[in-house]
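Both of the next two complexes hold chain A, though its partner changes from chain B to chain C.
This part shows the complex of A and B:
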């Protein structure tokens, strides 16, 4: 029994190592004073951090705004969809639920190619120059971020008794007031989690976005991939560190308002 | 009687309108954005590729025949499935104990631990690969350490092992979070009941927690499998040019060869393989435990 317990402990440690070892190594690499990965390094420097913005600023900006827009749109359509699935029973509900979650089960590289090809076809038949536009990228990202919003909103309402809403309605609250004062507050953690995951999914998407970039409009993951093709140096590691510090800080701030442990669970 | 029926019917009509209003936009967007591209891929995959004209409109199965008769392409598909299955099994093996501990933790550091698991997701898979590259690279940490100990270096870069390690580390946070939230919903009193009835921890887990956690674990496994089937950056960066998986192959056919018909066929083959295997995985779960 003790052996079994130890085994579980070892496996959990393996998981922690698999997640954090590469990150820690990245932290270490980011201060190497080398232009190639040579171990051990001859010296340490912070100069890589100064090169992040000149080299990747544009890509970071594109990624950030695309993710923000995708989050906004997917919350706008995903939150009501979550409420609809949780609160209404109708014929075809299962089919709608399956459809809304379907983008999670289709490989992104397939959807990416499909969306690009569709955009080219539309472009040939109309005058709209949509392939390689930020709007198309956002629309494509909305497709993969919406299922996360729907899923997490639905989950947050599943544990919440609809009786509270009925009580509010029977006490004379109008439907919109019920929605605004009872339903939405009850699903606050689901909305925050949905927005958070939507941001992650959009910000780090590579496979789908590969087909949707244009000269002068690449996202961070693709810019990094292209950079790594020609040079493996500590600059990319410095980006990782900057991201961890920035995102970690933002999450800590967020944690004060919404308990993240509850949100993510 | 009539007066009673009328409001009820009115209510059901307004309910239907409300449901449509709530669900309509999202369903419309997802259906159009998903179905139209996939149908188009299906059409394109039946076209013929020509070096001069690129794509000739016709109806032929030659793209599919080319894939299924060439050992090279079948090998790529086999490698992809093997890598995906291996990394999914490892993710569940490592992720389950960690998820269980996190879910049952009463520590005041729990919030911080959850944050630490979410954080790597924000950094993105491409950037996180760099960590593995320093460890595995020629002259990297592992190589240097082994060379220091026994004089001969260790080459891990550009091996299937490196690719699986990379994919496992990228997918683990998703797996841990999904299973953790599933275990979180299991009432701890059920476990306490089992304990008070004398079940040792092992039995407590396998007979009580595991069956209840199975649906959530299956979702985590499927998510991990799909992400692995789709992996682009990891095989590209850690597998090297000779290690072929479906996603890099597809992109190469598209961007370098400009062979859209064959790329479309590859996309559909990858998609259907993923769907079929995902559906089959359901059979691994005993019927009485299915969600």
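This part shows the complex of A and C:
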């Protein structure tokens, strides 16, 4: 019994170490006062953090706006889809559910390449310049963010009793009032969590987005990758730390608002 | 004051008849309980009245006016669900006010009505709590207050007590009954629990396979069950298949002398109420047997008496009555008078007693 408990403790410690050790090292690297990563460093500095914005500002902005747009569109698609799938039985329901969740199972490289080829084909026939446009990137991101919104909306409705909607109707609420006053509030945690996950998925996406960038329109992960090809200095570590702090902070804020463990489990 | 009428109400799912021409007339202020095992059509009937399921045939009338064309939000039904179905993101007071808001009741009048409902359901101190902070009994009282706040024309209760502990069940049941009476509300309650049904109803309707098996007062159903199903579903009955001849019923090797006299002969089902049987008593109905199990249960003592190799009678006597707890193996005579027995013919119709 005691042995087993100790073993569990050791394993848990190992897991925590595996998650946080690289983060700690990254943070350690980000304050090296060196232009090449040498060990031990001659000194420590925060100047790399100051260089994030001049170096990556444009990419950050692109990533941020693409992610915001992707979140907005995937909420517009995912929330109604979640309600429909959770509350109604109709022909083709399984097909719709599969289609909405399928992008999760396809490798990002395959989706990216496919979209790129399709865009080029369309361009050849119509002369619409769509490859390398922000709209195409947002559309592609919507493809991989929507499944998260749908899943989390479905999960939030699974815990919600449909009888509450019937009760509202019997009390005189018309269908739209039921939706607005009962269904959507019940889904709040799912919608918030879905939106946040969608944001993170879009913001961090690398492999699919590789095919969709253009000169002057690069997302942060790709800008970092490109930077890495020519420089190995602590700036990359600094931007990584900044990203972790940003996402971690958002998750913590969210967890106060809605219990994430409940929605994702 | 509303009279609710179901006129040959019917629901088909493909070839399956979930509700088969149920007709029911409920005068204003009466509380009718639809009672039956799961799948008997009671919930489907309730949901057709509420408007959540479309009827395949027949009609639902309020004071003679059909309401089948009205959507649920126009039917003015007060609904109480087994799962309470409160709005989790609203306080108790907001839950109760919801129906009034939907009706655009002026704020002052609405708030007055909410206070009144809170007082009637003894929830004043919980007005600002959220449903998750309440016990099951409190939640169901909120649901009741919410349903009654809108002055519904009819109150519909869907297994309202099934999620509650035994102790709360009686309390909430009483609350429901008192408020229903006070408001003079025409009410239909659905349940599978016969104790609940007996305690709450003015009139009971036993459903089976989508049809009305029997309808009547508690006493009607208990004393004069119309079918073997009702005899075993309302109260408890030991059912014995046998042959009726000359005032006796032959059940395998046993021969039971009946207390009453019946005209029919041939195959029959005899239903005997355990609590009306006695050991070695004076009744005219009698059969000999051997005690197989005896248990002292406080208010009653139970004897399981073997009357044929595979046939047993349960005898439940009050401990206050004469007699004693027998030992297993004792030879006894089970006796009863006419109120304990009911004889059904092969088709399930009760045999008339000759006077």
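Note that the second predicted complex is superposed on the first by the 243 of 265 C-alpha atoms of A that agree within 3 Å, B and C clash if a C-alpha of one lies under 4 Å from a C-alpha of the other, contacts with A are read in each partner's own complex, and residues count from 1 in each chain.
The rule is simple: contacts are C-beta pairs under 8 Å (C-beta built on N, C-alpha and C of every residue); 3 or more make two chains touch, one makes a residue touch a chain.
Keep in mind the model is a prediction, meaning the values are calculated, not measured.
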Let me test your reading of the model: by the given contact rule, A:72 touches which partner, first (chain B), second (chain C), both or neither?
neither
Looking at A:225 after the superposition, I want to know if it touches chain B, chain C, both of them or none. Which is it: first, second, both, neither?
first
Quick check on the superposed pair: does A:164 touch chain B, chain C, both, or neither? Answer first, second, both or neither. second
| message | Looking at A:50, would you say it contacts chain B, chain C, both, or neither? Reply first, second, both or neither. | response | neither
Of chain B and chain C, the partner touching more residues of chain A is B
- prompt: Is A:177 contacted by the first partner chain B, the second partner chain C, both or neither?
  reply: second
Q.
I'd like to know which partner A:185 touches here: chain B for first, chain C for second, both or neither.
A. second
Footprint intersection on chain A (chain B / chain C) at none
The answer for chain A against chain C in the complex is residues 160-161, 163-164, 166-174, 177, 181-182, 185-186, 188
In the complex, chain C touches chain A at residues 50-52, 71-79, 81, 83, 85-89, 98-99, 102-103, 143, 146-147, 150, 156
As the complex stands, chain A meets chain B at residues 1, 4-5, 8-9, 11-12, 14-16, 18-26, 28-29, 37-40, 76-78, 80-81, 83-85, 87-88, 90, 96, 99-100, 102-111, 113-115, 117-118, 121, 139-140, 142-143, 146-147, 150, 155, 159, 175, 196, 199-200, 203-204, 206-207, 210-211, 220-222, 224-225, 228, 232, 236-237, 239-240, 243-244, 247-248, 251-252, 255, 259-261, 264-265
Given the complex, residues on chain B that touch chain A span 15-16, 18-19, 21-23, 25-27, 29-31, 33-34, 36-38, 40-41, 44, 93-98, 100-101, 103, 110-111, 114-135, 137, 139-141, 143-144, 165, 168-169, 172-173, 176-177, 180-181, 184-185, 200-202, 222-223, 226, 229-233, 236-237, 246-247, 250-251, 254, 260, 263-264, 267-268, 270-271, 274-275, 278
